[in-house]
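Chain IDs A, B, C and D follow the sequence of writing; residue 1 opens each chain.
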Amino acid sequence: MATTALEHAPAYQRSTIVEWLTTVDHKKIGIMYGASAFIFFLIGGIEALIIRAQLATPNGTLVSAEMYNQLFTMHGTTMIFLAVMPLSAMFFNFFVPLLIGARDVAFPRLNAMSLWVFILGGIFLNASFLFAAAPNGGWFGYAPLSSRQYSPGMNMDFWAIGLQILGIASIAAGVNFFTTIINMRARGMTLMRMPIFVWMTLITQVLVLLSFPVITIALVMLTADRTFGSGFFVTAAGGDPMLWQHLFWVFGHPEVYILILPAFGIVSEVLPVFSRKPLFGYSAMVFSGAFIAFLGFGVWSHHMFATGMGPLADSFFSLATMLIAVPTGVKIFNWIGTVWGGSISLKTPMLFALGFIAMFIIGGLSGVMHSVAPADLQQTDTYFVVAHFHYVLFGGSIFALTAGAYYWWPKMFGRMLDEGLGKWHFWLSMIGFNVTFMPMHWVGLLGMPRRVYTYPEGLGFDLFNMVQTVGAFILALSILVFMWNVIRSWRGPADAPADPWGGATLEWSIPSPPQEFNFAEEPVVAEKDAFWAMKDAAGVDRFPEPGHVSGRGIHMPGPSWWPVVVAVGLLMFFVGLMVHRSWAFPFTPVSIAGFALMVFGVFKWAYEPVDAHAPQH
Amino acid sequence: MRLVRAPWRRFLPVGLLSFVLLGLAGCTDGSKYPQSTLHPKGDFAAMVDEVFMTTVWLALIVFIVVEGGLLWAIWRFRAKPNDARPKQIHGSTVVEIIWTVIPAVVLAFVAVPTIKTIFATANVPAASPGGEAPLKVEVVGHQWWWEFRYPEYGITTANQMHVPVGRTVDLRMKSVDVLHAFWIPQVTGKRDVFPNRETRLWFTALETGEFPGACTEFCGLQHARMDLYVMSQTPEEFAAWVALRKRDPEMSGAASTGTGHVTVDTIVRDTMSGTAVAAARGPDALPTDAEQAAPVPGDPRIAEGKALFTKKACAGCHSLNSIDQPKRSVGPNLAGIGVRKMIAGGWLPNTDLNLKRWIMHPQDVKPGVAMKGYTLSDAEADAIVAYLRTKR
Amino acid sequence: MASHTDAHGEHLDHAHASAGRYIQIAVILFALTALEVLLYEAIFGSLRESSGALATSLGPWFVELLLALSALKFFLVAAFYMHLKFDIKALTWVFSFSLGLATTVILSLFLLFWYNRGLWWMDGPW
Amino acid sequence: MLTPRNIEEAAMTSAVLDHDAHPAPEAHHTSLPIDNRKLAMWTFIGSECLLFASLITTFLIYRDSSVGGPGPKDMFEVPLVTFGTAILLFSSFFVVMALDGAKNGNRKKLILWLSLTVMCGLFFVAMQVYEFNHFYHKGLGYSTNLFSSSFYTLTGFHGAHVAIGTVWLATLLKDAIKGRIPAEKAINLELSALYWHFVDVVWIIIFPVVYLMSLGR
C-alpha cells in the first residue's frame, strides 16, 4: 500500500463531455454502463407497469392490442439486453480490474467501443417507439411471424438489427474480459485465488463468446429474409420455423445463465464479508459455476417441448435440464454454509443477497417443474413460465445486482448509501416482488396464457391479476426509494472510507473512489481473499485510510475518439440496412457512409499510439 | 435494526403460508376456473397432472427444508454486539458431497415418472378406453381462429369442437400461416401448430361438459383472442350433432356449396398489418339465452339475410355448409353459427347484439382480422343475423 | 503464478517451427487436398468409369473419408501454422473447446432435425 | 518470476490492432507468458467457430429442402473451387514464411512472402466474385431458393472474412515496406496470420462439406 502523498501533477484539461466521450478508463466506462442500463431498466419497468395496468382488470382497454404487443416485446428485450446484461457489465468493468489487481482491462479502447455500441444500439431499439413501430413479435421473435409477410412494418427490423448491434458490443466485451481475466491478474493471483465474482465473470464471457454468434447468424438470416427476400424462415420456400427456434434457444438458454452467473458472483462476494467468514467451498463454487455453464449449452430445447420434438429428444432435454439443479443446489447450500456459523450483520447489501437466495430457490424450483416435459405441456406459454423467469430474473439477477450496488457504491462514488432507506428499499422490493409474481404461478396453472393483451371474465383470473398489478406498483415504489437514496447520497459528503465493510478483496485496499490508475503499486497476492490475508498478516481489523498518490511514472492509456467514431459508423451501417428492400443494391448510401466511417475509425485507431493524449505526468 | 429483524423472521413463513393457501384455493373449487390445469377432465391431462403433483410435493419439501435452513441460519447466527470473529471455515468435502448427492436422488424421483409420462403421452393410443378406434380430427390454425375437420364424417366446423365423451380423439394439426399452439387445459396439454409440419396430440374426455381452450403460441396482433371450446358430449348427442351437420346442404342452398371459395392461398394477406387501429371493445353485457333469439319461421329477414350473405361477399370467405369443404378456407365455417357459444375467435358471447356488432364492425371488435368492414346498414345486419340464427 | 510461467517457459522458443517444417506441412496439405479431389473424381466425377471397383467399394464411405481427410488438414494447419503445438496450452484449450462445441451443435441439430422430420409429416397428408 | 523475455512480451501489451506497442517503461505484467492480443485473437477465433457452425448447420439442413430451382448439382464446379482451395492453402504457407522472415528480422523475406499472401487473398476474393457472378448468370440469385440463400450466406460470410484478412495483410505489407515491422513487432503479423489461418481452416471444412458432399450424396 503506497501511502506517499505527492504533489498532484497538473491535470490534462478537457471539457467534461469530451472527457467522458473519449475516456478509456474502465471505471468511467463502468459508470456509464451502469447509468445507461439503469435508465433502460426504468424504461423497461415503466413498460411493465403499463402492461400490469392493462391487465389489472379483464377486458382492459388502456392500450391497444398492437401497443400491448410492442410493450411486452420491448419490456423483455430491454430488461434482458439493455438492463441486466449491461448492469452486470457495469460491475465487470468497474470491479474486475480492481479485483484482480490490474490497472485497466486488456484493451481499454475496445472497451470504450463496446460501451458506445451498446448505448447506440439501445437508443436505436428504443427509437422505434418514435416511429410507432416498436418490435412486436415477442422477445424471441419466432418465425414466421417475424418474417416480412406477417410483420410487414419496420417493427421487427428494429428488433433484428438492434440485437445484431448489441451482439457486437457483447462479443467485443467478451473477448476483452476473457483476456483481461486470463492474462492481467496481479502477481501471485492464480486462477484458484481469484475472487469468485471474477470467476463467474470469466465463465459468463465464455458463454457470451460461444452463444452470441449463433443468434447473430439467426438474425442475419432473418434480416436477409425481411430485406433481400430469401426464404430461410418462409415456409412457402421450404424454410423451417424449427430452425429459428433451435438457433434462438441455442443462444437463448446460455443467455439466461449469462444473466444469472454474475449475480451468483456478486452474492458470493457479499455473503462472506457480512458473515465475517470465508466463502464455504470455494472450489466447489468455481466448478459448479463452470458446470452450470457447460450444461447450459445442452438444454436449449426445453423451451420447445410443445413443438413435439419426439419422446427421445424430450427425455434427453428433460434430464439434462434437471441435472442443472445439482450444481445450482451446490451453490445454494454453500451459500448457506457460508453464513452458517458466521456473524451476520444485516446491512442492506446482505439483505439483498439473502433475499436473492430465498427468491432464487423459488424460481429454480419452478424451473425444475418446467423441466418435466409432459408437465411443461400445461405450463409453457402461460403465466407459470412468467412467474418462473421473474423469480430468477428479478428475484435472482436484479436482487443480486442491487446487493452489488449497495455493496460497491462507496467504492464507485466515494459515498455511502443510506442504510435506513436501503432497508425500506429491500422490504418494499421483497413484498412488492412476491405480491406481483407469486400469484402468477397460480393464474398460470389456472390457465392464463402469456402474451395476451387482455383476458375475458369468467375464467377466474380477475383477482389474481389485480393483486399482481398492485404488487408491481409497490415494486415501483421501492425503486423510487432507491432513486431517492442515490440522490441523497449525491447531495451528501463524499466521505466513504476505503474499506467500509471490512472487505476481503483488493478493491478495498485503495481509496474510494479509486484513482485513475487504481493501484499505485501493482499488488502481489499470496492467498484467496487477498485483502483479508493482508489485514491478518498485519494483525489489524482495518488499515488506516490509504492516501492519494500522484501517480507519477504510471502510464495509463490516453483518451481516444476512435472508439466512438467506430461505434457511430457501425450504427450508421446498420441503420442503412433498415431503409431499403433490394438485393440488387444491398447497401444504401447511409450504410456505405457508415462503413467508410468505421473503416476510417479502425485505421486511425490502429495507428494511434496508446498514450497519444495521455495526461502528462 | 429494529425494522429489519422482525419482518425477516415473519415474512417468509407468511409468504409460504399464502403460497399454500392460494394453492389450496386453486385446487378446491374447479368450477370457478374452467381453464384450469389442476382439475383434469381428460386422461392426457390427468397423467400430466399426476407427474406434476409429484414434482410439486417434492419441490415443496425442498422449499421448506432449504428456506427453513436459510432462515434458521440467519436468525441463529445474526451478529451480536462484540461478536468475536467467527471460526474461519473454508469448506467440508463430506458435507459438500452429501448435498450434491441428495438433490441428485430427489431428482431421480422426478426423472423416472417424467420419462414414463413422456413415453405414455407421446403416441396416440391405438384404441379408446372403450375399445373404439380413436376419432380423427384435423385441426387447422388460422390467424386467429380454429378450423376443425372430421375426415371420418367429411364435415368441417370452426372454433367449437364437438367430441364424444370416452372416445379418444386423435388430433392432426397444421397451420395455414404462423405458429399457433392448441391447448385445452382440462383435457390435454398444448402442442404447437406449424405451417410446414403436421403435429399430433390426443386426449379422451372423461366427462361431458364445455372446456375452454386457447391458442398459446404468440401469433400476432390478436393472439389473445384465439380461443376455442371443446364440447364434450354423450355419444348420442355427438351422433345427433354429426347428423345435423350432415344435413347442412338442405338448409343452406346454392350460395354455400363451397364452389368459388377463396382459400388463404389465393388472397393477398396484407390485412395483418402490425399497425392496427382502435382498441378493441369488450362485450357490453353477458349473454343470456334470451339474447340469442331463436329463428322465427317465415321471418322475412331470413330471406333478405340469405340474399345479403351472397351479395355482400360473405360467401366468398364463409361457407354455411360443413360437408366436403375445401381446406384452408379464409373465414371460419359458419354452419351451426346460429347456436355456437362464442364468436370472434371464441371470446365474444354469441348474442344477437354481439353478432350484429361483429358483422358491422369486425375491425372495432378485433382489429386486424381478415374480415374487413362491409358497409351494412342496421337493417341489413339484423337480416343477416336473423339468417345466421337459422344455421343450427 | 510462478508455476504458470515456468511450466511453459520452454515453449516460448519458436525456433523449432522452422521454415523447413513449414514446407513439409505444405506438401502434406497439398497431397491431402489432391487426394480429396481424386476421391471425388474417382467415385462420382470424371474418373468414375476407369476406377470401377474401387469407386463402388469406397462410395458409401465418401463423406466419412472426406471428413477424416479434412480433419487431418485442419489439425495440421492449427498445430503447425497456428503454432498451437508450440504455444501455451491455454490456447489449445480455448480453441478445442470452441471447436468441440461447434461440432456438437452441428451434429446435434442435424440429429434433431432428422429425428423430428421422421416423426411428423413434412407436408405429408396435407 | 519475470524473465527478460517475459518483460519484453509484456511490453507489447496493448489494444487489439494497436500496431505500436505499449511504450510505457513499466508496462502491464501478464499472467501467462503470452501477449494479450494473441490471447484475444484466439478467443475471438473460438467465438467465430460458433458463427461458422451455425452457418454450416443451416446449409446442411437446408441444402435439399429447396422448393424448386437449381440445386448444388446444377451449380458446383469442382475445378474452380479446388483452385480456390489451393490458393488459400498456399497463402497459409506463404504467411508462415513471411512471419518467419519477420521474426528473424529478414525484411526482404517478409515482404516477398507477404506480398504473395496478399495476392492469394486477392485471387481468392476474385475467384469468389467470379463464382458468384457465374452462378448468378446460371440462374442462382441470392433469394432463388433455400439452397442458394444458405450457400451464398455461408460462403459470403467466409468471403467477407477473406476480404478483411486481405486488407489487414495489405496494411501490414505497407508497414513492412516502410520498415515498420522490425523483429520485435512480428506479433503484429502473427495476429493477422492467426486470423488468416483460421479463415483457411474454415474453408478446409467448407470445401468438402459444402461442395464435395453436396455433389457426392
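Just so it is clear, a residue touches a chain if its C-beta (ideal position, glycine included) is under 8 Å from a C-beta of that chain, and two chains touch if they have at least 3 such contacts.
All figures in this text were calculated on a predicted structure; none of them were measured in a lab.
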Problem - Chain nearest the overall C-alpha centroid of the shown protein atoms - result: A
Handout entry: Between C-D and A-C, the pair with more C-beta contacts
Key = C-D
Problem - Euclidean distance of C-alpha centroids - subunit A vs subunit B, Å - result: 35
Handout entry: Distance between chain centroids, defined by C-alpha means - subunit C, subunit D (Å)
Key = 16
Fill in the blank from the handout: Taking each chain's centre as the mean of its CA atoms, subunit B sits from subunit D at a distance in Å of 52
Exercise for the section: Could you check subunit A for residues that touch two or more other chains and list them? Expected result: 182, 185, 187, 189, 209-210, 214, 238-240, 242-243, 250, 308, 310
Fill in the blank from the handout: So subunit C residues touching two or more other chains come to 1, 4, 90, 98, 101, 105, 109, 113, 116, 120
Exercise for the section: Name the residues of subunit B that each touch 2 or more other chains. Expected result: 196-197, 199-200
Fill in the blank from the handout: Per the touch rule, the subunit B residues reaching subunit C in their complex are 172, 174, 196-200, 327
Fill in the blank from the handout: Given the complex, residues on subunit B that touch subunit A span 1, 3-5, 7-8, 11-12, 15, 18-19, 22-23, 25-26, 32-38, 45, 47-49, 51-52, 55-56, 59, 62-63, 66-67, 69-71, 73-74, 77-80, 83-92, 95-96, 99-100, 103-104, 107, 110-111, 114-115, 117-119, 121-122, 143, 177-179, 181, 183, 185, 188-192, 194-197, 199-201, 212, 214-224, 227, 269-270, 272-283, 286, 347, 367-368
Fill in the blank from the handout: Contacts from subunit C onto subunit B in the complex sit at residues 116-117, 120-126
Problem - subunit D contact footprint on subunit C (complex, rising order) - result: 1-2, 4-5, 8-9, 12, 14, 18-19, 22-23, 25-26, 29-30, 33, 36-37, 40-41, 43-45, 62-63, 66-67, 69-70, 73-74, 77-78, 80-82, 87-88, 90-91, 94-95, 97-99, 101-103, 105-106, 109-110, 113
Exercise for the section: Can you check the complex and tell me which residues of subunit D touch subunit A? Expected result: 1, 13-20, 22-26, 28-32, 34, 36, 39-40, 43-44, 46-48, 50-51, 53-55, 57-58, 61-62, 65-67, 141-143, 145-146, 149-150, 153, 171
